[in-house]
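Got some structures for you, see below.
Both of the next two complexes hold chain A, though its partner changes from chain B to chain C.
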Partner chain A sequence: MKSALFTAGILAATAVAMPAQADKLDDIIASGTLRCAVVLDFPPMGSRDESNNPIGFDVDYCNDLAAALGVSAEIVETTFPERIPSLMSGRVDVAVASTSDTLERAKTVGFSIPYYAFENAVVAREGIEMASWEDMKGKTVGATAGTYEAIWLEGKVKEWGEGQFRPYQNQADVFLALSQGQLDATVATVEVSEANVKSGNFGGIKIVDKAPMVPDYVALITLREEYGLINYMNLFINQQVRTGRYAELYKKWVGEGEPADLTIPGVYR
Partner chain B sequence: MFNYTFRWNQALNSLPQMLEGALVTMEIAILSMVIGISIAILLTLFRLSRNPLLVGIAATWVEIARNTPALFQIYMVHFGLAGFGIHLSPYLSLLIGIAFNNAGYLTENFRGALKAIPDTQTRAARSLGMTPLQAFRNVIMPQMLRISFLPMTNQMVWAILMTSLGAVVAMNTDLYGVTSELNARTFRTFELFAIAAVIFYLITKVITLSARLLAARLFRY
Partner chain C sequence: MFDTALSTNDLIFLAKGAGMTLIVTAISVFFGTILGIIFGVFRYQVGPWWAAPLTFVLDIFRSIPLLIQLVLANAFVTTVLGYRISGFAIACGVLSLYTAAYCAEIVRGGIEAVPQTLRRAARSLGMTWGQDMTSIVLPLATRVALPSWIGLALGVMKDSALVYIVQVVELLKSTQILITRLQEPLFLLMICGLFYFLISFPIARFGGYLEKRWSND
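Up next, the complex of A and B:
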């Protein structure tokens, strides 16, 4: 009886202690799979090829991270608003989904150091008089719901006190609305804007100007308390730049030129 | 495994904005019902008219409204019509989409109600010298509306819940739009959507209860 009680006690104690020992980094390595949330209607960061396979900068980035961990990668398609529910409910381990590292969001999720930085461009439909970004004042503008540029643009429209802001559900709908004339202008990353103007899928649009925001630094995200994983991701991002893989991926998905500097002079991270 | 610490105070700070959104949601639902009922009465008349063109219009409307997703209907109002150069604001697209859907379903409700009214009533009214339209308006329609009153409240609840589909046409002032925008900014997904769900529940509860009270008053014999 006594020994049975003792055994039960030991069992209970290990059951309580177990979750504290293995953190997410251990779990990923033990399970052999890294599950990444990636947004797949956000070229060139994430999209699908002709045979419907996920491709893009973020997809490669997830594959690299999985390779570094020695596990296989599983790409879980997500939308921008769905990133957090997927993380919290344990459907994915990390989100490699161009997530802007705002202070407001950092209260909820854990950010790595930036792994990419976007510049944003103002895209207008042809036939609309627009010389600079400030001409968006009073116009009907829109952007992809839940993105950094949408939050910025809506703030501007409120500040101007005229015009209208419309958040569409995905990048494709924004550009469809723009080429149909539902929108006069949008703000999107330079990468996305150039890809869409070049592809010719959306007729009658032109890039007008750069949007005057600070570069939109984006980071990998996971649960806030997973310091082990966050530390690992920080070193991984550092190594991606150090080994030249960052520049290589930039060339592959974005094009010629220098990828954005991920350091900010004059301050520690 | 659910790894999340609930922080209600932060989310509750946004309650005033969400309640404003709830007002817009109710406004759209009520307007879409008023428009939907009017069109449904018209379509019912079309159906009774025996004119092949009018019957065809009513049948097509009901077929499309009932057999395609409401999401698709709203999307088509916004992006489909824009293909023909008709640009509707998100608010109008959503309102028209829901009204279109309501009209289709309500026409079917009215048909069911009509079946419950004996033909002899029309004949009796006609033999009193009423024109067909008079007979419909004075004898048949009041009974039709009474019989289909509860299914109509059902549709009203559905209309309220359908407003959340406005997201696909960039609607951002209704309850769902306001909530998802707050979510993008703060990432407090679970609190915000829980609050939104409670508000939706309360709105529909208030609507169904007041409809029941109204029915008790209106349809006393």
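Up next, the complex of A and C:
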């Protein structure tokens, strides 16, 4: 009796487990297209060129992922708030959209390991003697009021007990003040700093060092239950760094210099 | 006097968007009208009781916002059924049904506007139902329904702006892409409006011309 029940149970379990469920990774390979959500008003990660084709770090990253899978890439333009809904409603397979890996989001979607990290750079006026970020001590520094970097910078000035902190209304004002000599140095994201130095709109400024703030780690996202795909993406990101493609893309879209370290010392994953 | 970063390339890009709007509208209005005529005649012919299920379905298409219909249809086809079909096909499908739902009402209204006595007279002369429908009802109902039908076609053209949600780059979406890149919203929206006008105006005038021609013969 007991064994009959057991056999029946085993049979039922096999019947349930039998259909080899094709997961998203299989679906993508079978369909021949990888649909990536990319935010296209966020240079240098995503934007459009003169003929309105999508370009940017995230676009290239999606193309690389598609090439690795042996499928063609389809860039689906998304806004920041639309990233997760477009995944949930099945309009895209993955989002390559500079998504910060917050624990709150991880309740809804599945994150890969970080594929990029937004760091902050110390930008100084040319002629100011500075070798590292610590040389900001005693200088007149400023940033956009209320931002993460402004709070950090103001804290540092208080900690050092010398120098001066000046808040500004917006990023352009900060760089204007810097290039006009009202400020000796500022802190801004590497991407913004590189773009401002390159654009030539603010003369006489240079990037000195990276600020030792916790970087904003961003990861690829897909549906929470797609472990096969998340696994694949983790290995893919690892390979991108290993083969030097990560550094290559950084150089192409952000600028000279070392791309952010994607590992966190002292902890796994 | 006026400085813009808009290039010829971008104008071609906008024109392509306008072309997409026209194609989506043409397909939807064509199939929507055919379906609408079938549904409208069916509803009139079988009476309110037997047509109730169809009426209900058409009411769904008329009552739910088009944007929601597009998102749900796309999710249903791609994730539930598992078919990978293009956004363009989904857009045309949903818009056709949406058009058909409105068109069915217009057709029914047109048929009802033909006096019963006239139709009875036709049948008394020995005309079959088919002859009555094609020779008596069709010419008279078309005259009644034409203005509403033109209005519907123009409405669908503007509603087609919503198909951007299923990745179809039509006129409004291409304008938005340019706005993001060039940061000249008012100027670009003016050009977009001009494009819509250029497409819609001839249709409106053609409708007016037909009305005038058919009014006194």
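Here is the rule we go by: the second predicted complex is superposed on the first by the 158 of 269 C-alpha atoms of A that agree within 3 Å, B and C clash if a C-alpha of one lies under 4 Å from a C-alpha of the other, contacts with A are read in each partner's own complex, and residues count from 1 in each chain.
Simple rule for what comes next: a residue touches a chain if its C-beta (ideal position, glycine included) is under 8 Å from a C-beta of that chain, and two chains touch if they have at least 3 such contacts.
These numbers come from a predicted model, not from an experiment.
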| item | value |
| --- | --- |
| Which of chain B and chain C A:90 touches, first, second, both or neither | both |
| First, second, both or neither for A:69, with chain B first and chain C second | neither |
| First (chain B), second (chain C), both or neither touched by A:151 | first |
| Touched partner set for A:47, first chain B, second chain C, both or neither | second |
| Broader residue contact with chain A after superposition on the shared chain, chain B or chain C | B |
| Which superposed partner A:130 touches (first chain B, second chain C, both, neither) | neither |
| Partner chain(s) touched by A:39 [first = chain B, second = chain C, both, neither] | neither |
| Those residues of chain A which chain B touches in one complex and chain C touches in the other | 89-90 |
| In the complex with chain A, residue positions of chain C that touch it | 7, 9-10, 13, 71, 74-75, 78-79, 82, 84, 166-167, 174, 177-178, 180-181 |
| Interface residues, chain B side, partner chain A - complex | 1-4, 10, 78-79, 82-83, 85, 87, 89-90, 167-170, 172, 177, 180-181, 183-190 |
| Interface residues, chain A side, partner chain B - complex | 80-81, 84-85, 88-90, 102, 104-105, 107-109, 142, 145-147, 150-151, 154, 164-169, 173, 176-177, 180-182, 223, 225 |
| Residues on chain A engaged by chain C in the complex (per definition of touch) | 27, 31, 33, 40-41, 47-48, 50-52, 76-77, 89-91 |
